[in-house]
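What follows is a group of structures, each given as structure tokens.
Shared between the two complexes below is chain A, which pairs with chain B and chain C, respectively.
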Partner chain A sequence: MAMFSVEGLDLSIYGLPILKGVSLSVGEGEILGLVGESGSGKSMTALAAMQLMPRGASATGRILLDGEDLLSKSEVQMCALRGRDIGMIFQEPMTALNPLKTIGAQVAECFAQHLGARRAECMAWAGQALERVGLPPSRFPLDRYPHELSGGQRQRVVIAMAVALKPKLIIADEPTTALDVTTQAQILELMRELVAEEGTSLLIITHDLAVVAEMADRVTVMRYGEVVEEGTTAAFFSGMRHPYSKALLEASTHVPARRKLTAPPILPREGEVAPHSGDGGGDAAAVEGTAPSPDPTRLAPRGASHPPLKGRDQPYPSPSRGEEGPGTPILVAQSVVREYRGRRRSLFSAPEKRRAVDAVSLAVRPGESVGLVGESGCGKSTLARTLMALEPPQGGAVLFRGRSLAGFSAADLTAMRRAVQVVFQDPYGSFDPRHKAGRLVAEPLHLLRGEIDAAERNRRIAAVLRDVGLKPEDADKYPHEFSGGQRQRLAIARALITRPSLIILDEPVSALDVSIRAQVLDLLADLQAEHGLAYLFISHDLTVVRAITDRVLVMRAGRIVEEGPTAEVFAAPRHAYTRELLAAAPDLSRALAARAMRPAWESPAAGEVPSGG
Partner chain B sequence: MSATMAPGRRRLAIRALGHPSFLLGAAISLVVAAMALLSFVWTPHDPTVLDIARKLQPPSATHWLGTDQYGRDVLSMIMHGAVTSMAVSFVAVGIGLGLGVPLGLLAAAQRGLVGEAVMRANDFVFAFPALIIAIMLRDIFGPGAVNAMVAIGIFNVPVFARLAYGAALPLWTREFVMAARVAGKGGGLITLEHILPNMLSLVIVQATIQLSLGVLAEAALSYVGLGVQPPAPSWGRMLNEAQTLMALAPRLALVPGLAIVVTVMGLNLLGDGLRDLLDPRLARER
Partner chain C sequence: MLVYLAKRLASLAATLVIASLVIFAVMEVLPGDPAEIMLGTNARPDTLAALRADFGLDRPAPERYAAWVAGFVQGDLGRSYTYSVPVGELVAQRLWVSLPLAAISLLLTVLIAVPVGALAATRRNGPADVGIMAATQVGIAVPNFWFAMLLVFVFAVSLRLLPAGGFPGWGAGLWPAGRSLILPAVALALPQASILARVMRSSLIDALGEDYVRTARAKGLSRSEVVRRHALRNALIPVLTIMGLQFSFLLAGTIIIENVFFLPGLGRLVFQAITQRDLIVVKSIVMLLVASVVIVNFLVEVAYAAVDPRLRRRA
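Up next is the complex of A and B:
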């Protein structure tokens, strides 16, 4: 008999149907993976089970936990149930804990709430609970506050709270989405272990098929509030029936078809020379040198193949023209150091310095696609801001077409900004909500002020919107009228509008659903081929970097630990950290191979307590 | 501004009609404002004419709120007092907005030494209550309505500067501001295009609250004789003059006191309502 089951659950909010006849079940000690993209209703299903639905929601159908219908329970009865019979693990460990209470007190609260035990007793139990999730009180005293812990450690505290009272069912809503890959692997393993030890049922909600393949015994796929497919994990991956499941699988393993450039682009880029084919390899040498020299192997048919430049496409008179060669990297970082002032230990001592970027060197050449991989906090975004001349380096230099940014005049900086544009991670935060799409996309045209008129401005807006697969009419919409994927297309359009030669992409797809992610990656590959763009692709996601870059740099704690052609680095990583990163990344085919080796529900590392995050 | 706010505007109007404290606050504020405006063209009697023969009369058909110890019509004085109150607090808020908001925005845009200097100077001004500033100004320029306006205005500057600084700082770290910087825009332009519009609702709400504090401060300054001078009527001085007659005619203290309380409450309700109406909209539009 199923420990937890949902039968024909319909849910609507203010009359708007959200869930339509959702049915699923989790057996005792079983792990069910609930898969779907944002808006599929998977989180709402979990909230309905906890009776934590938003205002205006009404649900019909049955939600059974151990034979009892949760929908018919009163709020008072649910309060007794939540935490005791159903544990919940949330996505965002930063916000799931109360910043004002110690971790011990927060875990102890579960015991106090449901068992009514004395404080000292609860604290003792809290210590045991934290020990079980790999935070032994000897190393992580109970009086620590959440901000003193890393993201992974906080998620362990959340897990400790969820499993504290040995609930019958644990619901984990995207438990590792906010975590780094190496941390993600540890947290998933911990959850698998705890579930196996206690025989608890686990409902794990995720958008990541690799996580499902690694964890789940059975899979249920949701889309638009309906269940479209379900089955055992092995059967699901070996023969999906529903087209949506297939699309999801194809999207998560998607590799964009990258056309290699052979001809120069139709449009000359701003101040650009002919692009070369993005062949990658062997560029590391230029990084070492103090001044990049023109590469004789890259004497592309410059000038000769260019059509004569007409009026509006006339590149600005580049101050660095004379030094430019076809192989000149667009952007070079030479031992760049970026430091932040930490806190002052005493009144008279100098404040501590924290090095976010430590002597990093890299070069991006025209038409090339360079990946920069690292976990959160490794300094990759700080490096990006330094490369964009948004923050000055404290050491080393950033060179644009062979000249250091340090000596740039305002005009030089304008020239550089025209050639180097950026796409940010958050498709919601990167647009001013009060402006229309047309104005937002045209913002970088500020760099061309006085050079183009209103008609040309509108032509360019229409052109870039078409380039990224939107309609010119979309210029009249506000950002909130676009979906996440469309907003990211807008962000790319904004970066394209000055016709740059390099775009720095800071985690451009990590906030997107898998199917949207695949589309945006395709778009980026197409645009690169069409316009001869160079990319600096910053990401924590190895699969994405592998799919779209020629050369990759691996960054850790502010330093580049490994670099080389993408294929080589991924096939034969030299540095231990790269190997760790690769091993930790959820990989669909590897997970499927691994699960074939082990019997269901049995943890490969049962009994072994992992080290604290 | 008006064009970009259009989509949310109708929804806002509908929600405003369903918000009781906003409606009540707006109604009170409008009545007080209407009373003040009306006093320019009509009052039941001339509030400056002394008529000792008709002193201390109870409310009647000719004197709706009665007369004071000099025979002046109380309703007319209240109406004229509303003008003083409103004028002083509006100008004071204007001074605070005009100086404080740009200073806060400048400090947020410049950070570093400029920002520190601006904000520390602010803290210095913040240490002086309006009453102290008014006493200092009186010693230099003598008492008067302008004195009160400037004193309360100076008191308002750091309030708005801190608000603007605090609201602008997180906006400066947002990605859309980074995108504007990548587009080559400077601090001034970004402030005008992105920072100011996105914090405007906060400023509007604070301005309403400061308006009510201005009414209160004006009454306090007039009460101690630092505000508008006789014979111009003022609620604060009416209170002062009624003080000695509390046992004889408590009505004389009660009426201006109620006028102050109701006005301050109305403006506060209006501010609270505006905050409720404007804030969630900002959150949703993200």
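Up next is the complex of A and C:
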């Protein structure tokens, strides 16, 4: 019998239907992967199970935990049940803990709440619970505060709370999405161990098919508040039936088709209409397709489509192996050092120095795509700020077209900023919500110092919007009227408007769903081919870097530990850290291969016939 | 923690030094010679000079500044030009009215604002919230002296429960003296409590939207337990900031309120001293007010560290 099951769950918020007849079940000791993109209703399903739905939500149907219907329980009954019978792990470990309470007190609260034990006793149990998740009190005293722990350690604290009372069911909502790959691997391993030890059922919600392939016994796929497919993991991956599942799989392993430049890039001169903006005829036809389409393979139709490629017949066969791009490098870092003042140990000692970037050298040539990978805190973004001349280096030099930034006049810097633009991770955060898209996109035009008139300005806004697959009319919309993927397109349009030769992309797709991510990567590949752009692609996501770069640099603790052509580095990593990163990154094909090796009895539901969607 | 406190103390000292310089300089440039005002425009020049010498007004400015600061630190505030008594004594008497008044108002402000704001936040958009928001809107819009008159009308004139004004002195006993401070304190507190209640409400609403609140709910805490154990303390940080700022408003408010209620406090003293060009009194009281505001803000920052562990890093 299923330990936990959802039967025909309908949920609406203020009358707006969110979930439509959702059914799923998790057997005892089983791991169910609930997959879908943002807005598919997977988190809402979890919140409905916890009866922690947002205001105005009403649910009908049945949610059974060990035979009892949770929907019919009162709030008081649910309080007794939450944390005791269902434990929950959340996505954002950085904010999931109360910053003002010690980790010991927060874990102890679980015991105090449900067992009514004395404080000292609860604290002792909290110590044991933290020890189980790899935070022994000898090294992580109970009086530590959350801000003294890393993201992975905080997630362990959250897991300690979720498993503290040995619940029947654990719901993990994107438990590793916010974590680095190596930390992600550790957390997944920990969850697998805990579930195996206690025989707990686990509902793991994720958008990442690789995580599902590694963890889950069975898979349920959701889209638009409905379950579209379900089955055992092995059957699911070997014989996906629903087109949406296939599209999802395609998107998560998507490699954009990249064309090699046929000629050295020629940047359009000021005053000319850029050749790519054309008359917009073909592009306009392409963007007509932004309305939701009945085609079931289409992913997330609320996002924009991108213009079709005209030159796809010249695929980019393999990244340029070791050979250098044409022309002098646009941007060069020579042994760049960035130091921060740390905090003082005592009132009178000098503050210690922290080296965020330690003698890093790199070069980006015209038309080239360079990846910079590393985990959070390794100094990637600090390096990027220095390359953009936002902060001066404490050692070494940054050269723009062969000249050191150190001797740049204000006019030189303006010229440099025209040529080097940037796109950040969080498109929403980098837009003023009170400005319209047109004004936001046109922002960098001040770098042209009034060289263009209003008509040309509007022409350029329309051209870049078309370039990124939006409509010129979108210039009159506000940022909140765009979806996440469209906002990232806007950010790219903003970077394009000065017709730069290099765009620094700082985690440009990390906040996006897989299908939107695939579209944005395609867009970036197209733009590169059309405009001869160079990219410096900063990311912690190896799959993405592998898909879009020619050369890659691996950064760790402020240093470049390995660099080379992307394909070579990924195929035969020389440095131990690179190997570690590659091993930790969830990889779909590897996970499936490992799954095939596993004996059938390890997967309790392996014999079941998938019921399909 | 020690480093944090040392930094705050250093900034407190620097603020006081700068404030004393500014106050002294402003008093220097202000027109109006106290000796002339005391003796009238027809005074003979030699009498004026003698009086100036008596006050020490003939010495160079840096010397007078040094003497003023040195005296201030030792508790010697100089002699009042008009009352001809030591300013220290004058201020001390008045302080015993104004300080309790400000303290009671601040206490009332917090006692009203925190529960009311918390109630509004937990009943967001409900009738209680709407009522509280409307009431605090009125509380902010209406000036405190109008409240003062209203309170006098209701509690002193109609109900005859509390005195309409005046102060019998603490010598008359704790209750007779204390009850004459009740209406002024309420009049001072109401507008401030209205502001603070709104801050409390929005701060608690923000805190209740945080992820850790959801985590706590997932642990099995009820809504009210989450508010008490997790959200409230997090919500207090912005409230503390505003409280620190409000203290100076309360002090400034005493000037009006003490005049409305005929209380012999610092506020009335400074008001009289300004009209009578008793600069030494003005200077000393303003410096005292500045010092108390700065010290209260220092205490607020100490309170931050007590509430928020992120500020008291381990050394």
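Here, the second predicted complex is superposed on the first by the 536 of 613 C-alpha atoms of A that agree within 3 Å, B and C clash if a C-alpha of one lies under 4 Å from a C-alpha of the other, contacts with A are read in each partner's own complex, and residues count from 1 in each chain.
As a convention for this text, a contact is a pair of C-beta atoms (placed from the backbone, for glycine too) under 8 Å apart; a residue touches a chain by one contact, two chains touch by 3 or more.
Since this is a predicted model, take the numbers as computed values, not measurements.
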When chain B and chain C are modelled together on chain A, clash or fit: clash
Partner chain(s) touched by A:M88 [first = chain B, second = chain C, both, neither]: second
Of chain B and chain C, the chain that contacts the larger number of chain A residues: C
Touched partner set for A:R579, first chain B, second chain C, both or neither: neither
Touched partner set for A:R139, first chain B, second chain C, both or neither: neither
Contacts of A:K353 with chain B and chain C, given as first, second, both or neither: neither
Contacts of A:V158 with chain B and chain C, given as first, second, both or neither: second
Which of chain B and chain C A:E75 touches, first, second, both or neither: second
Touching partner for A:L52 - first (chain B), second (chain C), both, neither: second
When the two complexes are fitted on chain A, the stretch of chain C hitting chain B, from 149-157, 203-211 or 221-229: 149-157
Footprint overlap on chain A, where chain B in one structure and chain C in the other make contact: none
Chain B - residues contacting chain A, complex: 4-5, 7, 174-176, 178-185, 189, 193-194, 197-198, 285-286
Chain A - residues contacting chain C, complex: 50, 52, 75-76, 79-84, 86-88, 90, 92, 95-102, 109-110, 113-114, 145, 147-148, 158, 161-162, 343-347
Interfacial residue positions of chain A with respect to chain B in the complex: 385, 388, 390, 413-414, 417, 421-422, 424-426, 428-436, 440, 443-447, 478, 480, 491, 494
Of all residues in chain C, those that touch chain A in their complex: 2-3, 6, 210-212, 214-222, 225, 229-230, 233-234, 307-310, 313-315
